[in-house]
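Same chain, two partners: chain A is paired with chain B first, then with chain C.
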Partner chain A sequence: MDYVLLLQRIFDALFNSAIYSSLALALVIIFRATGLLNFAQGEMATFSGYIAFVFLVGPQPRLKGGGLAGLIPGVPLSVPLAVMGAVVAGMAVGAATEKVLIRPLRNAPELSLVNVSIGLLLVINSLMAQWWGTGPRVFPALFPTGAGQNFDIFGARLRYSTIGVWALLFVVLICLIFLLKRTRIGLAFRAVSINQTNSELVGIPVGRILMYGWALAAGFGALAACISANSVLLEPSMMLRVLVYAFAAATLGGLDSPKGALVGGVIVGLSQTLIPAYVPFIGFELSVLPVLIAMTVVLLVRPAGLYGTKRIERV
Partner chain B sequence: MSDDVFDEVGLVAKNLHASYGAVEVLRGLDFEVAQGKVSVILGANGAGKTTTLRAICNMCNSSGDVSLGGVDISRLGTAEIVRKGVAHVPQGRGTFPELSVTDNLLVGAYVRKDKEINDDVDRWFEIFPVLAERREQLAGSLSGGEQQMLAVSRALMSRPKLLLLDEPSLGLAPLIIEDLFTRFTNLNKETGLTMLVVEQNANLALDMADVGYVIESGEITLSGPADQLKSDPAVQEAYLGA
Partner chain C sequence: MMRTSARMRQLQGVGLVLITTWLFCLPFVSTTTELRQHTQIIISVLAVLGVNIATGYGGMISLGHGVFVGVGAFATGYFVDEMSLPWLLAISMGIVTASLSGALVGIPALRIKGIHLALLTLCMAIVFQPLSKRFPAFTGGVSGKAIEARFEAPIWLGDSRMASAVYRYVFCILVVLFALGLTWNLVNSRAGRAMRALRDNDTAAAIYGINLVRTRVITFSISAGLAGLAGALQVVLVPYVSQDNYSVQESLVVYATAVIGGLGSIWGSVLGVVARTGFGALGERLSGVDGFGLVSEFFELLDEQAFVFGVGLIALTFVFPRGLAGIGTKNKQQTGS
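Coming up: the complex of A and B.
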């Protein structure tokens, strides 16, 4: 076996893993705060990706929103500022979605809300196609990706961008865990996700907490889009496939565990790359199969996922 | 000591109605809990006891006037009512099974912003040492009695003016019930906490209470000082097994 090639494949897979992990984190946050699976998470993320793009290029003829962005001093922005701008704008979109679309339906069955999120997926997708066209756009890399910008480890290339993206994710994850475990609002998030009625009985403004949850998740989604838009190219459906993998990653890691989302993303990324490479009858066209097998095996052994909270009830 | 110390207004409910869909569950209740006192509402299953507490907290479709310390709270949302000083230990106890014991106490103090929250957590651990032993355990793993202790401590972490208790004796062993009610009585005597308790266990509840009400089918059929109710033949027959 060619071990250098194996190592190279692992390094390459880790970049995709980062993309899956970041969107899985967004899914986990919404699930944790609201108990809802948001199928529109990927499209909301892509929308933020376009906002970042508009911030990057500024006013241009026939670029929707370009003129509007041009009113903001400093546009066109540098890459880090454009990403931050997209995260903030994404959070605003997330909060507005909760307030306008989800909150009025708070007494509806959960399945209806899931259907609403699927509808939202389609609406945002079409809206992006109408505003910005379906053609792919070139989006800059957040970290250097050029030739030679990598570490050489036993003959395999570990790109700076892979390290950079993972460093970014770890920082963000640590902030998130701190927020959830060590702050008053984090405690409110956890309480609301367990029981909304009891949360109101301790004086938590449940509606507002849910809105913050949506904003936070959309912020992570925006980050996920900005991480992936360079390698998959920015186009309205770029997150559709990613969303499937991110769902697998989140389920595998445990739907309510941020750490699980990260580990799940790594497992999904690795099994998607390595299994087709070494198992002859699974071609790369079938790369989704090993992901689903990995997910099923984990769920058979641990129904709540690797790090998910088991629901407990003592009778 | 002047009389008005005893007459300070606590909770006053007037003409309280509530319904679930077309079914009217409360048909105009009038009752009160004087500041620093304990009132108890007795009733059989389905009489409307739980709904009465839910109506006070605006957790169901209700109408009528409810005021706390002279302030009208009947138009406020549940979370706002909690902020005004009402703590509610509902049926099912209102704890968060997937949070640790400590986090349950901390979330109980959500409406507070002062610096003494951690001191209060320690105080409850002193009062209920069994909770201190399990402080890092998830609340869902506690026994019924321990959960009820946690539920009451959780409610009192908000430093409320009024504590609502929904059948605290439900599902607990007789010895544990007696212990709990002794603690409730002490809480009232030592801290002057105003309490409204709904119960089926009339004996213990009337021992602790100053005033009692009996509800049947959503209407108050009897009311008066607790010791009088205790010797009332109708109450004795229905609730005390005399």
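Coming up: the complex of A and C.
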């Protein structure tokens, strides 16, 4: 066995792992607080990616005249600023979604929430396709990815971009932990996640806290989109496949565990690269298959995943 | 069970007469292309009905019925072409293949419920396209493949293109009517009551002696079989299969149509497709309008099925949670899981 190659593959996989981890985190934050899986998370993230794109090169509508949008000049921002802008805009969209579409349905059956998130997925997807077209757009890399921009570790190349992405994710995570453990809003958010009725009784504005939760989740989604837009190219459906991996990561780690989302993302990223490399039958196209099977098995055998809370059902 | 008021029943009657007249007149007034498009619309009732059986009657959310449509189409194409089976046999085999794949999903659905099942079926729908590219022998890979066999009218009907188009049109209508009748009987039979009991409260259903495993798996395979039949008829109509037709959006639009029409009502599935056609025609008209700036862009959006159905799905969830068929019904009970 070629250990250098194995190490190289692991290093390459870690980049995707960061993407899956952050999108999985977005899913987990919402699921933990509301028990809803936001199927539109990927599209919301892609939309933020396009916002960053607009910040960088202008609206670039697909239509020739572009209507009024053609008149808007580009805002030439530097890449970090554009990403930050996209994260903030994405958070606003997330908060608005909660306020307008989710909050009125608080007592509605689960099916209604599924319907709304599916409707949102369709709407955002076709809006993006309408505005920017379905063709892929070039998006700059957040961190240097060129040849030679890497560390040599035992002959394998660990790229700066992989390290940069993980460093970014860790900084954001530390901020998140600080927010959750050290601030009043974080305390309220944790209370709401545990029990909504009781939180309401002690005077926590549950609706507003959930709105912050949605904003936070959308922020992680936006980050995931901006990280991945360079390697998969920006197009309206780019996050759909990523969403499958992120769902798998979240399920594997336990749908209500942020730690699980991180670990799950790493496992899914590794298996996506390593399994096709060592099992020739699977190949590149089927690389999603083992992940999907693993997700099914986890849901069947251990719905709580690695770190999730076990739910006890009355029989 | 939904109670339909007398007035609604009258409306339904009027609707039925209108649809029948429309279907009867179509072959006389349309070209072969138009007739084919209309046949495609009629076929799509089956896939929507499939979702309705699984989600509306069985309480199992399925966002991935496009997959079963695809399996039905690919299988029918394979059986009629590579195995040179006669059409009717190939179509039946297509249904069987789709049902079996449905049972395969139905088995995990025994334990995975509600939103988790929605998640699993959505992932299935997303994965189907890349997966079908990997098996080009069945699917024709990226570009799809043409089916050599043709579903032609018998010789005594003449050999004009119109004769064949009308023949396919009538054949598809008969099949769809047959399937609708069969499903209507099914959901109002003992088996159908078992399905609904399971949806509303599985513990109570089990106490009444309903076999949970069997009912769930059979429900899901019937619903997948209906979707597979839709796929098989697509091949009858257009002898060409391609993974291009089975995107996630396609699956979700089928689901949206079922929800918009009304889950838990056979009539609702028809209504959903009628609404889809109406909006489609309206969108096409409006997108031709030369407005200026944002207005024309908005009109063009109306031509996008995914957009219209996404908006419809959200709006209906707020206004009529029971779908179009649920308007005017007197019942406070909730459908779905």
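The working rule: the second predicted complex is superposed on the first by the 280 of 315 C-alpha atoms of A that agree within 3 Å, B and C clash if a C-alpha of one lies under 4 Å from a C-alpha of the other, contacts with A are read in each partner's own complex, and residues count from 1 in each chain.
Operating definition for what follows: contacts are C-beta pairs under 8 Å (C-beta built on N, C-alpha and C of every residue); 3 or more make two chains touch, one makes a residue touch a chain.
Note that this is a predicted model, so its numbers are computed, not measured.
K.L.:
Of chain B and chain C, which one touches more residues of chain A?
P.N.:
Of chain B and chain C, more residues of chain A lie in contact with C.
K.L.:
Once the structures are superposed on A, label A:V79 by its partner contacts, choosing first (chain B), second (chain C), both or neither.
P.N.:
In the superposition, A:V79 contacts neither chain B nor chain C.
K.L.:
Determine, under the contact definition given at the top, whether A:R184 touches first (chain B), second (chain C), both, or neither.
P.N.:
first
K.L.:
Is A:S126 in contact with chain B, with chain C, with both, or with neither (first, second, both, neither)?
P.N.:
In the superposed model, A:S126 contacts chain C only, not chain B.
K.L.:
Looking at A:L37, would you say it contacts chain B, chain C, both, or neither? Reply first, second, both or neither.
P.N.:
The answer is second: A:L37 touches chain C but not chain B.
K.L.:
Between chain B and chain C, whom does A:T309 touch in the aligned arrangement: first, second, both, or neither?
P.N.:
So A:T309 only meets chain B here.
K.L.:
Taking the superposition as given, does A:V88 touch the first partner, chain B, the second, chain C, both, or neither?
P.N.:
Touch status of A:V88: no partner.
K.L.:
Between chain B and chain C, whom does A:N198 touch in the aligned arrangement: first, second, both, or neither?
P.N.:
Once the two structures are laid over each other on A, A:N198 reaches chain B alone.
K.L.:
Go through chain A and flag every residue that touches chain B in one model and chain C in the other.
P.N.:
Of chain A, no residue contacts chain B in one complex and chain C in the other.
K.L.:
For chain C, which residues are in contact with chain A within the complex?
P.N.:
55, 61, 63, 108, 111-112, 114-116, 118-120, 122-124, 126-127, 130-131, 133-134, 203, 248-249, 252-253, 255-256, 259, 263, 292-294, 296-297, 300-301, 304, 306-307, 309-314, 316-318, 321, 334-337
K.L.:
Can you name the residues of chain B that touch chain A in the complex?
P.N.:
Touching chain A from chain B are residues 57, 59, 77-79, 82-83, 88, 90, 94-99, 103, 106-108, 110-111, 138, 140-143, 154, 158.
K.L.:
Considering the complex alone, what residue numbers of chain A touch chain B?
P.N.:
Where chain A meets chain B, its residues are 184, 187-188, 190-191, 194-195, 197-206, 309, 311-314.
K.L.:
Show which residues of chain A lie in contact with chain C when the two form their complex.
P.N.:
These residues of chain A touch chain C: 35-37, 39, 63, 67-69, 101, 104-105, 108-116, 118-127, 129-131, 237, 240-241, 243-244, 247-248, 251, 283, 285-286, 288-289, 292, 295-296, 299-300, 303, 315.
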